[in-house]
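Have a look at this one.
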Amino acid sequence: MPLKDPKLFRSEINQSPFYKTIKMQLDKTEEKGSLLKIKLGRKHHNALGIVHGGVVAALIDSACSMSVIPHLGDDETIVTTELHIQYYLSVASEIIIGRGRVVHHGRRVVYAEAEVFDKEEKIIAKGFASFLIMKKSADKGE
Amino acid sequence: MPLKDPKLFRSEINQSPFYKTIKMQLDKTEEKGSLLKIKLGRKHHNALGIVHGGVVAALIDSACSMSVIPHLGDDETIVTTELHIQYYLSVASEIIIGRGRVVHHGRRVVYAEAEVFDKEEKIIAKGFASFLIMKKSADKGE
Amino acid sequence: MPLKDPKLFRSEINQSPFYKTIKMQLDKTEEKGSLLKIKLGRKHHNALGIVHGGVVAALIDSACSMSVIPHLGDDETIVTTELHIQYYLSVASEIIIGRGRVVHHGRRVVYAEAEVFDKEEKIIAKGFASFLIMKKSADKGE
Amino acid sequence: MPLKDPKLFRSEINQSPFYKTIKMQLDKTEEKGSLLKIKLGRKHHNALGIVHGGVVAALIDSACSMSVIPHLGDDETIVTTELHIQYYLSVASEIIIGRGRVVHHGRRVVYAEAEVFDKEEKIIAKGFASFLIMKKSADKGE
């Protein structure tokens, strides 16, 4: 179901520590998909001076999960079970944009995918995630 | 081939910005495999107060690539083409350890895998990466 | 580049032994994508009487590679390096249709994806493949 | 739990139509892992005269699921949710052997992996599958 207060939700997500750590920002999370970005700088670089693959992985993971959230029931939550990333091009841009969308919403598993673009809208990477749907009330695990 | 000066190499890697950003540290990179760790804290948390999946992805990506480095020739370098992660358990530990190893070393592609453990050596996640081998002298791309 | 004689190409592919073994047929292989189908019967069943996952995997592998072929140069060929499949629904249909398309065409690696539908055009599975581009003249490997 | 009658179980699996279609045979299915093989011939070839990737995928899918079976409860069954295959070498052998084992057995999801060898025990491919655990009595889906 659509989020009751998307603005509040985005604000909470954008306050989360890891989002700040890697300068990631959630811009949209709608039933038709999510939109996030990361402002890149030296802090994202590996020893070769290029953006670490983990940064792109974090963006894809988040773009996928944020596309699933508006499809969940009130007492449902998700845990990522798998994440697969294909790296097409190395990043040469001061910003990367992630767009996620739900591909299949089953009863127990939701599948989403996300594409990462540079600021010229060139595709940099693509990823696919699957999530187990769980009741918030139930205990965690898996 | 084995690294000529593993200590210097580790030191360079550990100075890299993204390693510092997520408190990741390379402890070993030998032909038989790599060993890395991340000291976890609030900065790695998502909005639910649990470790963001991107942190585990970054550790696996690094554990895989650091296991490949000692197998490369002097003028060879690698780019990640794919990364696949299976999340088994959520992290409830102040440290996570990544161990990587090469699974198949072809002429053009190297495949590695890595396991992530908590401090009780319980397996948290497993991942698989593939890398394209490139000449350092040649132009980048892909 | 577009195939010089798509009809002849399809005929050769459709004569290949494994296509006959699993009743797979190539209907289209164009630059914008491929179209294949499998006529299902008892021979595709596992011990539970449902279609074996390997059948869907074979369709996705073929739909991906057949979408790449029209993009290759005259002296280029491909080898599959990775194949990833997400199974959404079990098959309950006497035919499955695979549609593949190229997602990213790099210099050394091509990435394609394919969706599998039942005869009511309901999505059953999705898959992603990567291929190493090789010169036909060069020796094999990898 | 261990299978009550492993010999009967293997016999049933080996009678299943798709196993016969691709000449696959289950030799072992124990708690520590599974062992299967495929006798290769012209019927497994693609148009280039090499073994179709779908054959290796089917072997990995089966080696993974057969390694999970002895770990299930009496009223439990599994459905494959994802399958990922890395192709290391093309097959040049009249037989391929698949060995599967469980990597993580969660409450809702089981993860298994399998390696494919040629008759000289050279590794040809490796794969990873995940399975949703379901009650036999409950309705299907996902």
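All chains are identified by letter, namely A, B, C and D, in their written order; residue positions are counted from 1 within each chain.
Here is the rule we go by: a residue touches a chain if its C-beta (ideal position, glycine included) is under 8 Å from a C-beta of that chain, and two chains touch if they have at least 3 such contacts.
These numbers come from a predicted model, not from an experiment.
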Chain centres computed over CA atoms; the one at greatest distance from chain A is chain D
Between A-B and B-C, the pair joined by more C-beta contacts: A-B
Distance between the centres, which are taken as Cα means, of chain C and chain A, whole angstrom: 29
Distance between chain A and chain B based on Cα centroids, please, to the nearest Å. 21
Let me have the rounded angstrom distance from the C-alpha centre of chain B over to the C-alpha centre of chain C, please. 32
Going by the contact rule already set, what residues in chain A reach two or more other chains? 81-82, 84, 86, 88-89, 106, 130, 141-142
Quick check: in the complex, which residue numbers of chain D touch chain B? 84, 86, 88-89, 103-104, 106, 111, 123, 126, 128, 130
Seen from chain B, its contact residues with chain C in the complex are 81-82, 84, 106-109, 130, 132, 141-142
Contact residues on chain B for chain A in the complex? 12-13, 15-22, 42-47, 51-55, 57-59, 61-62, 65, 79-90, 140-142
